[in-house]
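Encoded as structure tokens, the structure appears first; notes follow it.
Chain lettering (A, B, C and D) follows the sequence in which the chains are written, and residue indices restart at 1 in each chain.
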Amino acid sequence: MTGKLDLGVGMVGYAFMGAVHSQAWRTVGHVFDLPVEVRMAAIGGRDPVAVKAAADRHGWSAAETDWRTLIARDDVQIVDICTPGDTHASIAIEALRAGKHVICEKPLANTVSEASAMAEAAAEAATRGVRSMVAFNYRRVPALAYARSLVKAGRIGTLRHVRAAYQQDWLVDPSAPLTWRMQKERAGSGALGDIAAHIVDAAQFVVGDVLSGVSGLTETFVRSRPLSGGSGLSAAVGGSGVGEVTVDDAAVFFGRFVGGGIATFEATRFATGRKNAMQLEIYGSDGGIRFDFERMNELLFFDGSQPAEEAGYRRVLVTEPEHPYLGAWWPPGHPLGYEHTFTHEFRDFLVAVAEDADPSPSFADGLQVQKVLAAVSLSAESGSGWVVV
Amino acid sequence: MTGKLDLGVGMVGYAFMGAVHSQAWRTVGHVFDLPVEVRMAAIGGRDPVAVKAAADRHGWSAAETDWRTLIARDDVQIVDICTPGDTHASIAIEALRAGKHVICEKPLANTVSEASAMAEAAAEAATRGVRSMVAFNYRRVPALAYARSLVKAGRIGTLRHVRAAYQQDWLVDPSAPLTWRMQKERAGSGALGDIAAHIVDAAQFVVGDVLSGVSGLTETFVRSRPLSGGSGLSAAVGGSGVGEVTVDDAAVFFGRFVGGGIATFEATRFATGRKNAMQLEIYGSDGGIRFDFERMNELLFFDGSQPAEEAGYRRVLVTEPEHPYLGAWWPPGHPLGYEHTFTHEFRDFLVAVAEDADPSPSFADGLQVQKVLAAVSLSAESGSGWVVV
Amino acid sequence: MTGKLDLGVGMVGYAFMGAVHSQAWRTVGHVFDLPVEVRMAAIGGRDPVAVKAAADRHGWSAAETDWRTLIARDDVQIVDICTPGDTHASIAIEALRAGKHVICEKPLANTVSEASAMAEAAAEAATRGVRSMVAFNYRRVPALAYARSLVKAGRIGTLRHVRAAYQQDWLVDPSAPLTWRMQKERAGSGALGDIAAHIVDAAQFVVGDVLSGVSGLTETFVRSRPLSGGSGLSAAVGGSGVGEVTVDDAAVFFGRFVGGGIATFEATRFATGRKNAMQLEIYGSDGGIRFDFERMNELLFFDGSQPAEEAGYRRVLVTEPEHPYLGAWWPPGHPLGYEHTFTHEFRDFLVAVAEDADPSPSFADGLQVQKVLAAVSLSAESGSGWVVV
Amino acid sequence: MTGKLDLGVGMVGYAFMGAVHSQAWRTVGHVFDLPVEVRMAAIGGRDPVAVKAAADRHGWSAAETDWRTLIARDDVQIVDICTPGDTHASIAIEALRAGKHVICEKPLANTVSEASAMAEAAAEAATRGVRSMVAFNYRRVPALAYARSLVKAGRIGTLRHVRAAYQQDWLVDPSAPLTWRMQKERAGSGALGDIAAHIVDAAQFVVGDVLSGVSGLTETFVRSRPLSGGSGLSAAVGGSGVGEVTVDDAAVFFGRFVGGGIATFEATRFATGRKNAMQLEIYGSDGGIRFDFERMNELLFFDGSQPAEEAGYRRVLVTEPEHPYLGAWWPPGHPLGYEHTFTHEFRDFLVAVAEDADPSPSFADGLQVQKVLAAVSLSAESGSGWVVV
């Protein structure tokens, strides 16, 4: 009808990420002027009853129990991967081969070798006009997208420091049950891949540089947890008694950027009282930027060119039509929430597909983050010495 | 299929409120376990081209150019009124007569007499099982719903003070164009009906008491504005040259609650640098509560029963499953935005309809707020003396 | 030795204000390059044992039990009045007649007529080179002195709004004992004279304008209190049983400035959880300023001339050498405390005396504030109607 | 007269630290009920004119140009060392030998070997009743002293994380002149000894544990600076042209506590817009604590034992009589400043001397911090690998 390209989405996975992705797919076409038509074609999951219920709940037209079948559907042009990290490579590579555009949740994979294979597949697919993106949604927090534009415009000058943290507290209680997120074979790592991945990507994105080396330490404070029960971030692992936690509860590391700035990172599930405090501080020769996702609609900006007596960190409410993505939403002063970062992400992905361009961040970007995480792990396992990324 | 009651919504108006209501109607059934099925049946507006475009953009099945026709549709069981205040009474009363449930944007009406007629119509309709609600969405900010529960549980003790403000700055620039929101015949009043209405309702809601009298002052800082151009909160009034601003730019007033607490209110469109700062402070014999919509996911709570040395305002992140509405959304620590207040409002409305109960706030509540605003106006016009509500 | 003018101070009163004034007198000459030498000559109080102990504790060379004797001392050139308000007029007027410079604590007096007599005496004394100042110490918070300079430089443009509050909570507990601060005959009024006086003066000082009229409401939440016991802000009234509170616990009022801006004020001893929250918000056509004494080293400033996308309230740390008074203290970034406002006040007073100039704020300024407070009282007693100042 | 022990202080050095120590010595006996009498006997410095001026300005009875003479004075019982770190060992050891109590500014020394010699001398002196203390003044910030008491009382449970930073920006400008603080032979190190020392001590103090090992990185962003000019934190190095910066501009490191908690530290003079942001976050199994010296009168405390729905970081205003040191100052709600930490420090030192007890932190504590700093340096020089403290 509209003459626009018609794109059907097939989404694999329907837990936390599946729910929030669904909300974003339902919304993106009603808020943004898209150059394409987007349909929620099918959702995939192994449990036939659960996946059907998820389809009804979240507004998907069909349900599939085999991701291969989902990929093969004629009405699916985009495959959106929301499963644990151990399945990313298989699904993504097959989808790309099948000529389907792919959005893959982060971390891109559980290992560098899987991520490398994915990046290669993505590069090959791009030559056929098939697009891919790793879903680092924090790049689409308007405040961080705006921070990137400030840095790009030279407003902080030469980078000196990045100070990043991602603090949660959902494992503080030792009786919290074991879930797949605490199993190395499913999740690859703990806080490292789950949340350090976000701050590594966000830091590199905002400053426009990459880490050249790191030194790190990881810790598992609670080494075994109950096997049954469970809710919250992900389903508990079944069984009785206790199971071993095989991933890190926390990871701390520092590093250097290629351009000379230095950086510290702290990712933990044991920061009591901090729920989802993804934080970034950036200091340069001419300015500074501070952000805390607990106040995701605010960016603190220090403009070093102002007279000393009136200089100070400005609390910019990133809720104005002049800010990234905001023009499509409400009048000035109306805050957005977590889910909107996904709506923005899909908007950018769809625009790239329509324009036959490569969306960002690419699988290659996801691979680079994976290499940073692997270097941190290696350092942590070998006396915290410096490891080149 | 589900055996649930099926309810079609007909919405009148498609500007700012129409867009945000649409997003909430699209979302509510996918996030909450509703006892009804809800359909976006039809949208109404006078301009046939524009209303059709709005229907497509916002996901409505049909478009109507006459609100009487919209009300009469068989597939419409709920009428959602998003038009300027001068039309509320006619639409709402006719809809209620036609047996349609009604949600009406605030302020309920432009005058006490209109609001009284509406409240009477609503009371009569309720005897026929026809429900109505005035859309004071700030009651559905989770932090304020939670504040209400704290007060109700006696956590602040006897009320002493309310200090409320709603600060915006979109009229600071004298060259901002005249819109219907600055015309008394359309909007009824300025900051008073538009934003003071919100803080009066929110204050009364959270403390669970009503104002018995007020003393007030209103001001119009910029008395004429350009007639053409315009965007933002509402369409500009056409024409050339300048037009008269016939409403208040700011209103300040104080009052007493029936129970003895005293309150101050300040509503303005001239608070430079404040975009949408709807603020509430509540002090009682045993505790205190503070809120600022600029940080809508936070509530500051002071528990006076704690030892002096460790007492302090707690910044409660109202993003946890234990908080009102939050269990239906994301895991702990993920902020919501402005639009979610409407999703919550519709959820509560639909549950009330399904349970054959009267939703809250009622048209009678809306009338009571209107009486407060009228008392403020009267005081302001007559030397700021005390006026009983 | 230094050839500088030598000035001896005689201070009357040795409770809270006496202690903090002593600290400031001990300090001022060691931190600031003063054009005079200042000596702590004598302290006055009625109880001979207590006043001697106070002299020893606070570093005064002598003690006197009769303020007339104190004033008459040859080694006293400055009389510093720290007693309750009912004694200000007698002491100040006699000191001025005796040719002694006078600093008088606020409020200047308990009544307009006393304050008028004092202002007249001060004006007459000035013709003889005898100087006087009312001790509104908040003008000497560096952040507020800096705020004044921003307003004076036109950085906020035309004033639109002042929103001021002074919130304390030391009377929330109904068993807190009766002290002179709750007795009309000693204190004149309650929150009104004690703390509303500060925000009226501070608001008028920073914006550089005076109130032309007000409308107000006062309240006494707890009307009788225990007579014995007591500590804290001032000594309890002796006796057993309960005594009547004859002053206001809280006062709220709004007003207009001569130049057209409007203002709201709220002063209370019942804001649970707020200890000493003296707050000021100022909004003008070109900018905004916000201040809270709980964070006395910070000033929030909004510069309306900045591009919308990067505009925001800057948190200026008023701890830099460029800021008022700071150059005499520590290197950048080192916060000052409450007592320093008095040190600054005395520095300014001594400089004025040395330069044979009238210090500011004058007794006339103190009288003007007294008139505002009297207008609020009159309005509160007569239905909250408008009262011209 | 009072029968109290009479103690004369001899202070060496009169720059920044000398000025602030003087203010504290002038004040301590007037605010606290001390068990001793304290006199400001003599100040020492090499330049006879400057030291005499400093004596006059700061209120010292005598001036000496040779610190040996100062130590030998009969009217000196306490030696207060405010000189650069390269002179600490000589002065402190000689003073202790001479039977004088010693307070020494931090870092205790520039090297571990000097610090060891000092700690040995102090231990020996203690057997003779001669006391010593290293002046880590941040322990006497009331908020941090209170934090210590919370941890000691078990309120945070088992320590999991410390996240500490000390951020300044006074070297961001590459044209800021070279001072002794940037010369290794005078200062020992840069940000490491100057400010990382503070956060290492403060962290260990508050959590009641010590670091067992660290891994670190240091950086000098600007390697040469102008030789002339200069003011601010310390006198510039004379000469023309440029001189080499031989210390670190920034140091980042992580470590483990003996008890199992992990910690990150960041100290820098290049955090644009941060003036003196000494920050500490502490997370344990049962609670959390956060502090920023920019808001030195506040402590954020999370009590994990509260119900999830009402839990949040409380902003405790550490200005109440129940808090450490506060009872001696003003009524509730009146903030203190930077200098007060020294007044508290001297109060504690004098009480210990009077009680014939060892003050804290001891020279042994200072040595332990020095060992941590040395381990960081060693790690930074050798590929950031783990170094046992």
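Here is the rule we use: a residue touches a chain if its C-beta (ideal position, glycine included) is under 8 Å from a C-beta of that chain, and two chains touch if they have at least 3 such contacts.
Because the structure is predicted, anything quoted here is derived from the model rather than measured.
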Quiz prompt | Comparison of C-D and A-D by number of C-beta pairs in contact, larger one | solution = A-D
Quiz item: Quick one: which chain's Cα centre is the longest way from subunit A's?
Solution: C
Quiz item: Cα centroid separation between subunit C and subunit D, in whole Å?
Solution: 35
Quiz item: With chain centres defined as C-alpha means, what is the inter-centre distance between subunit B and subunit D in Å?
Solution: 54
Exercise. Determine the centre-to-centre distance between subunit A and subunit D, using the mean Cα coordinates as centres, and give it in whole Å.
Key: 42
Exercise. Name the residues of subunit D that each touch 2 or more other chains.
Key: 274, 311-313, 317, 320
Quiz prompt | Residue numbers on subunit C that touch subunit A, as the complex places them | solution = 146, 150, 299, 301, 303, 307-317, 320, 322-323
Exercise. Spell out the residues on subunit B that touch subunit C in their complex, using ranges where they run on.
Key: 156, 160-161, 163, 165, 167, 169, 172, 174, 215, 217, 219, 221, 250, 252-254, 256, 260, 262, 264, 266, 268, 270-274, 281, 283-288, 302, 304, 311-313, 383-386
Quiz item: So in the complex, which bits of subunit D are touching subunit C?
Solution: 16, 19-20, 22-23, 26-27, 30-31, 57-59, 168, 170, 232-233, 274-277, 293-297, 317, 319-320, 330-340
